[in-house]
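Each of the next two complexes has chain A plus one more chain, namely chain B in the first and chain C in the second.
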Partner chain A sequence: MYKKLFLSIIFSLGTVGAFAVDVPISGNVQSRCIITTDTPGVYGNPNAYTLTTATADGGVLPVVRYDVTLADAYYAEITTPTAFSDSPSLSDTVTWTGSTEVQSLSDATGMGSYETNKVTFGQTTQYDLTASGSTWFKSTSTATYGGSKAFPGGTYTANIEAICVAK
Partner chain B sequence: MKKLTLLFILLFMKTALAHDMVPTYPELRLSYMSNVLVADLELLNKRNDIEYYEISVFDETWNPVPFVTSYKIIKLEYLERIKFNVYIRSSDKNRATYICSKSRTRGNPNPSAVISSMICSKFKKDE
Partner chain C sequence: MLKKLLLMVGLACLPSYSYSESIAPYYGTTGNAASTGNSWSMEGVLPTPPGLDINGVIYDYTIQKNVDDSVNVHIQNENAAGTGYIFRETDEWQSGSLGGTEIRKVVPVAPGIPRTSWGQGSIEVDGNGSVQDPSVVYMYKVDPCYDPQFDPNCPGYEIPVPVIATPEIEIYDATEDEYVSLSTEELILLEENEEILEDEEEKEKEEAEKRKRQLRLEQALSIVDNSEMFANSFAAAQQLAALDAATRVSQYYSLTIPGGVYNDTQVLVDKKIDDNKQGLRNGLAQQLLHEQMIQSQYD
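Let's turn to the complex of A and B:
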């Protein structure tokens, strides 16, 4: 009597347990390009008429990471600033210089040619992202005020544009 | 031990600041209006320094192409994801090539080089 009751309880518990095991997890994988701001840049002020992101001059180099999940499907284009987006009123011209280079790669073999194959036009550098994975790019930007005049006091902001374009 | 705990906290506090838009190759399909096509896209804001994204459509040589969407500038909170539609005239179907989302930056209290990000998907063309 007790044995039958015990077995029926065990079986019923087992049956209840069986209902709880199937938990579906669904997902959707798509090819994509993600732009990540790894390090926002900061301008150093080594002298009165220069603002630069160069580390030696007290600046911080901006670093952008591109993650691509599909090989040979995107171009990365990084443009260093040619104007301030926010600054005090400036009466003289500002001369801009800038450059971009690969800082590190997630796949040294597949991405090894990125730096040698880059195309530069003006302040823009274009990379052909021929392999999937992550690439870190660092940029330098320098603004020099006309005639070695001192920059007026205030806050200065300039935009580095990081673009990912589907091929 | 305290130093190790602090190191872990600092490591995990470093947030990724990413901009993500899918699909890479959106398809233009018929909309509920005649002579108007629509594409479906999704935008994810993982940049805590950005709240607004601007949508644009361009042709092969980066000239603007007319389009309609709910909001040309989309407000997107940190870690918020939004699905949106872009409507294009059927006559512009072969002209429209890129659809881009660009982060809109605001003034910053420190002298800084702000990184603005732009992701451009390419419309699928009929073979």
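Let's turn to the complex of A and C:
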């Protein structure tokens, strides 16, 4: 008799105190592919109508580093500039050329074939990051002003786009 | 006034800060060990402080090879305390990898390898290729308290006890000093004194020898006395035994047997002696046994 009474009291209390709760579930996905600018590029100006990163022409090659902690999970896609992000007003067209290649790597066995296996489409170069570790990519970029006209004086800035694409 | 106070506080804090820093482990890197070639001695690369522990090697170089060639490059240090290598990292440049590619690598090293074990370092190339612009840098950690006596704050520090050298004291003998001039009387006195001392020493020696001789003689005499005592007691015992025997014999010599007839004193009254029944039983039993034994020969 006493036990029944006790249970009924608890039940009534539970009924009175019932309410809905949303329990949050949060998670954090840490990127296994980190892109870092190792060396910012500099355009040299060997002649009035050319801007180039070639070292021989007074430029500095931009270098980007990919740090991958998960092997065979990403592509590195690096696109050399096709336009200035900042420049004086230009009245003529600019012709862009560029290329990317492996400068350094941290695993000779796993990354040694990156350069031979790369795929290039347009200004974009794609590498299959099959090994974990760090890889440094250097790019060249050349801008030639239309009709061999001289670039107007000012500061010119262009960006290389480096992205990590999950497979 | 406030500035002075702050300055004093700062000065008071400065020694304690620098003191604790002096025993804290610190990290560093060497220069490029391969700057002069593909082989190097660690004595010229590692800094001098004791307690140095190498914890990693950073190296980079550019491989020069044909695309179709396979080349192995070893970055290594011989084991100075044994055979083989204490550190060896191999890069396998397989066919398909392009020449002119640079490799940059950081290789951790398990701590605790004594610096004396780090032998000759080198870059070795197996295959048709070469390395260009190599750089090999060693990362290390230095524990100043490797030697606890480095600093009083180091664990295990023992307060040093100065070693005091025991001075050699030369006993000055004026008599042997050639620069000391003694008078004739003093010399005579010295000689007499020496003679007296020598005589006393001789006497002491003689007395000691005499005491020893006496002791030996006493011991020998005591042995003789013991044997003599034994012989005397044995002779006395023999004399007593002889006297005793003589006394017993002399009793018979002194008696006189009177003459006449000596009749038997024992008289058999009933003139018949019955057989002993127990003996009869015993005799019969023996007889039966005897007969059985004889009979057994024929059975």
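The rule is simple: the second predicted complex is superposed on the first by the 136 of 167 C-alpha atoms of A that agree within 3 Å, B and C clash if a C-alpha of one lies under 4 Å from a C-alpha of the other, contacts with A are read in each partner's own complex, and residues count from 1 in each chain.
The rule we apply is simple: a contact is a pair of C-beta atoms (placed from the backbone, for glycine too) under 8 Å apart; a residue touches a chain by one contact, two chains touch by 3 or more.
From a predicted model like this one, the values you see are computed outputs, not experimental measurements.
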Practice item. Could you look at A:Ala73 and tell me whether it touches chain B, chain C, both or neither (first, second, both, neither)? Key: first
Practice item. Considering only the touch criterion stated at the top, classify A:Pro40 as touching first (chain B), second (chain C), both, or neither. Key: first
Practice item. Report for A:Gln30: first if it touches chain B alone, second if chain C alone, otherwise both or neither. Key: first
Exercise for review: For A:Gly112, decide between first (touching chain B), second (touching chain C), both and neither.
Suggested key: second
Check your understanding: So which one touches more of the residues on chain A, chain B or chain C?
Key -> B
Check your understanding: Who does A:Val21 touch here: chain B (first), chain C (second), both, or neither?
Key -> neither
Check your understanding: When the two structures are overlaid on chain A, which partner does A:Ala162 contact: first (chain B), second (chain C), both, or neither?
Key -> first
Check your understanding: Taking the contacts chain A makes with chain B in one complex and with chain C in the other, which residues are shared?
Key -> none
Point to revise | chain B-facing residues of chain A, complex | key: 30-38, 40-43, 45, 51, 53, 62, 64, 67, 70, 73-74, 81, 85-86, 139, 141, 155-167
Practice item. Going by the contact rule at the top, pick out the chain A residues touching chain C in the complex. Key: 102-109, 112-113, 115-116, 134, 136
Exercise for review: Write out the stretch or stretches of chain B touching chain A in their complex.
Suggested key: 16-25, 46-47, 49, 98, 100, 105, 107-122
Study note, to complete from the structure: Seen from chain C, its contact residues with chain A in the complex are 60, 63, 67, 73, 91-94, 96-98, 101-106
